[in-house]
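Structures given as structure tokens follow.
Each of the next two complexes has subunit A plus one other chain: subunit B in the first, subunit C in the second.
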Partner chain A sequence: MTKAYVFAAGPLLWVSVIVFAAGCLLRLGRLAWLARKKDRPVYAYMSAHYALRSIGRWLVPMGTESMRKHPVTTVVSFAFHAAVVLVPLFLFAHVLLFYEAFGISWWTLPEEAAYAGTLVVLAGLVYFFARRLIRPEVRYLSGPADFALLVLVALPFATGLWAFHHGPGVRVVMLLHVLSGEALLAAIPFTKLSHMFLFPFLRGYMGSEFGSVRHARDW
Partner chain B sequence: MEQTSTQTGDQGLEKSVARLTPDQIAKTLGEILKSEGGARLKAYVKTCMSCGLCADACHFYLSHENDPRFSPAGKVKQTIAPLLKKKGAVDPEFIKRAALVAFTQCNLCKRCVMYCPFGVDVAWLMLFVRRLCSRLGVVPQYIQDTAHSHSVTKNQMWVKEDEWIDTVFWQEEEAAEEVPGLTIPLEREGADIMYSVIAPEPKFRAQLIYQAAVMFHAAGVSWTMPATPGWDNSDMAMYTGENEIMGRLKRAHFEAAMRLRVKRIVMGECGHALRSVHDMGNRWLGWKTPPVPVTHAIEFYWELLESGKIRVAKKLKTPVTLHDPCNVARGLGLHEKARDVMAALCEDFVEMHPNREYNICCGAGGGVINCGPPHKAERLAASSAKAKQLFDARTRGARTIIAPCHNCHGGLEDIVEHHHLGMDLKFLGDVIYECMEKPWKKDEEEQGR
Partner chain C sequence: MKPIRAKTILGAALVAVLALVSLTPAWGRDQAPPPVVSDSAFDHHRRRAAPFAHDEHNDLAAIEDCALCHHVVENGRVKEDEDSVGMECSECHGSGLPLIAAYHGRCKECHQETGLGPILCATCHTVPR
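Let's turn to the complex of A and B:
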């Protein structure tokens, strides 16, 4: 068991980080190349001013008409997205592991905040899952992959919570925690999770087109 | 969920689908993908999180009692998404459904783009589907005929060159009876502006050319119209996905303006023509912005009223509301100028809600009304969201709807009739013509005395 853990937290971690980083860069590079070849307007109309105007708008809670129409989904989405990024990056235990390995450390979340953040992530996922099942317009669009993605995101957080509470079988759960975290990281570039790094480009392009060509708001 | 029938009675769909083979579909899709549909196509289809937030942006969805098949992402799910996933290995029946969805269940109004957190451009995706269908010959017959007319005559309505000139002379004669000394200057090189219209104006609404001539005469505008092809700024080929024809049309239009050495083009009150001239046609020709500056009628009226070249004699008393056409509001942000013009002309202005960029589509745009009678019932079945919005404005007093776009006029007229709303429709030009100061009338009265 210890051997497996050491392997998972060692070489496998490197693999997942490399797959994540290289995958993101490759996908971005491929899209940039494709755009140069077949979507000339993308480069012609991209404008830093209008791109940032649009991205900024869409990062403000309740900043857009769409968000105001769906207040609950908006609140859950913002809380979920903030927590899903902040908790893993600023969790004390994660920073400590990093410090032990490389001697680098950074600011960490208070334990209560990290705990609350984890609950927010899990509650958010339950909400998204339920929304996919209940709302007809969302259920119609949802396939098995959409539900699987929610489970994939839930796993590292649920196992993390389990480990924190020293629940039964904590050693197996810790191994699962590391493995599922790595699977999630590696899946980002190749699944719809890629919206994480594509968001600024898509939003930025549409903001540019609406701003510089259409002289209209896109929020 | 009841399955809508795909029996359309539209020969442009039925007959051509009957000829189609699965091999042809895959081959044609492959050909298009070789040179088009790159990063945007991939990013749009793959980034859609299927969150459904686009749904209530769409009047088709709202009017069909929230049927998920009519949501923007729902239309993607029925068309381009499976096409890409299966690399075109679909049966002809799929293409027929896809054509129905893309041609008759989306007005390409881009309202959903404003409600999608990622800005996925479903209108652009539907145009991509239309282009594929067009390559396969599966296009509703009426709009295809219009595109054929564009290809042959460079105008939308099979208007022959002499018919165009004749119509202009006719309107000149009529208008000169009202306004002594008025001319409609065809082919005047070096004029300040070239005025261009859509072919339905000489064909069905020639009085709009008359009214424009009276306005320009009163304002002392130096203007001209070409006597050659290129006078028509409309473009249904843009909506059938025949971009090659779109390019030829816009080239003829711009070249007419260059030949006449005008400083800019002023366009009549049309939405889709603005989209073609200002946004899509110029792009296809490789111009980031149009090679000749383009001014839409709303903006031009605004200039004439602001500068005092046209004065308002009496304001319109009837309570009016304004419909913001997608292609001039969401397409060029002219909604505030339109309101300035309204304020100058009308005593009683009632806003409809939502308005400006958020206005609900007329249901006719994007070539949907041009798909003709076989699809009219379907179009009106998707009109209740718009009818509610109009009815709400009516309960607050509005009796006249101003719609500065030809397609919106057609669509809204049908909706008003279908839902017995009892409202009438006007162009901004109609109101200006009605309310403007006409100095020659004073002269006549004085002479008569």
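Let's turn to the complex of A and C:
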């Protein structure tokens, strides 16, 4: 068990980080190339002003028409996204392990906040899962991969919570925690999770198209 | 009779769970708690304590050199034939992250290398405070 864990938390972690970073660069490069091939004018009307205006709008809770139409989804979504990014990055145990490996550390969340954030993430995933099942217009757009992705995001958080509570089988659960976290990281560039790093470009594109071409708002 | 409302059920469930959680540390308190490492430099504790039955542990692990842990280091070198028995690690390793890293660097590292002994947060920090 020790060997498996040390391998998972060592070499395998490097593999997943490299796949993640290279995958992100590849996706961004492909996007730029596709835009050049299929929609050349985009480079002419891309405007920092309109792009940032639109990105800013969409980062404000209830800042857009569609958010005001779906207030519950908006609140759940903002809380979920804040927690899903902040908890893993600022979890004390993660920062501690990074410090032990590289001698570098940064600010950490109080344990209670990290705990609450984990619950927010899991509750948010249950909500998204149910929404995909229940709302006909969302269900129509959902395939098995979309549900699987929600489960993949849930795994590292659920196993982390389990280990924090010293639940039974903690050795296996922690191995699963590390492996699922790595699978998630490596999956980001190649799945819908890529919106994590693509959103400024897609939003900026829409903002520019609406702003400089159609002279309209996109929110 | 009024039907029982969902909120009432939820409330009752919450109270039950909270009662259970607050009672759990009381279980298994019959035996004396095992000896733990407890450095006075930690003023608040994020984790449960790490058990460490000093002599039994070192017998089991067949560690003979006290200075493996109670070392004296000068210019980056461990001084042979000297030890710091009687000093707390924090007297030289400060507090906070560096102190935690000193403990983990000694305890966890050996467990990882030998494949024996706990290496996870949850398998080492097991003794409720």
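Some notes on this structure:
Basically, the second predicted complex is superposed on the first by the 219 of 219 C-alpha atoms of A that agree within 3 Å, B and C clash if a C-alpha of one lies under 4 Å from a C-alpha of the other, contacts with A are read in each partner's own complex, and residues count from 1 in each chain.
The rule is simple: a contact is a pair of C-beta atoms (placed from the backbone, for glycine too) under 8 Å apart; a residue touches a chain by one contact, two chains touch by 3 or more.
Only a predicted model underlies this, so the values are computations on that prediction, with no experimental measurement involved.
Once the two complexes are overlaid through subunit A, subunit B and subunit C fit side by side, free of any clash as defined at the top of the document. Touch criterion not met for A:87: it reaches neither subunit B nor subunit C. Once the two complexes are overlaid on the shared chain, A:121 sits clear of subunit B and of subunit C alike. Legend: residue contacts after superposition of the two complexes on their common chain; A:100 is shown touching subunit C, with no touch to subunit B.
With both structures placed on the common chain, the touch criterion links A:164 to subunit C but leaves subunit B unconnected.
After overlaying the two complexes on the shared chain, residue contacts for A:184 are found with neither subunit B nor subunit C. By the touch criterion stated above, A:51 is placed in contact with neither subunit B nor subunit C.
Geometry note, superposition on chain A: angle between subunit B and subunit C about the Cα centre of subunit A is 170 degrees, to the nearest 10. When the two complexes are overlaid on their common chain A, residue A:2 makes contact with subunit C while staying clear of subunit B. Of the two partner chains placed around the shared chain by superposition, neither subunit B nor subunit C is touched by A:154.
More residues of subunit A are touched by B (comparison of subunit B with subunit C).
Per the superposed model, the minimal spacing between any CA atom of subunit B and any CA atom of subunit C is 29 Å.
Counting contacts by the rule stated earlier, no residue of subunit A appears in both its interface with subunit B and its interface with subunit C.
Subunit B meets subunit A in the complex at residues 35-40, 42-44, 46-53, 55-57, 61, 66, 68-69, 71, 73-74, 77, 113-121, 278-279, 283, 288, 329-334, 357-358. Partner subunit C is touched in their complex by these residues of subunit A: 2-3, 5-6, 92-93, 96, 99-100, 105, 111, 163-164, 166, 170-171, 174. Contact residues on subunit A toward subunit B in their complex (touch as defined above): 31-32, 34-35, 37-39, 41-42, 44-45, 54, 58, 64-66, 69-70, 73, 135-143, 146, 192, 194-195, 198-199, 201-203, 205-207, 210, 213-219. Partner subunit A is touched in their complex by these residues of subunit C: 46, 48, 97, 100-101, 104-105, 111-112, 115-116, 119-123, 126.
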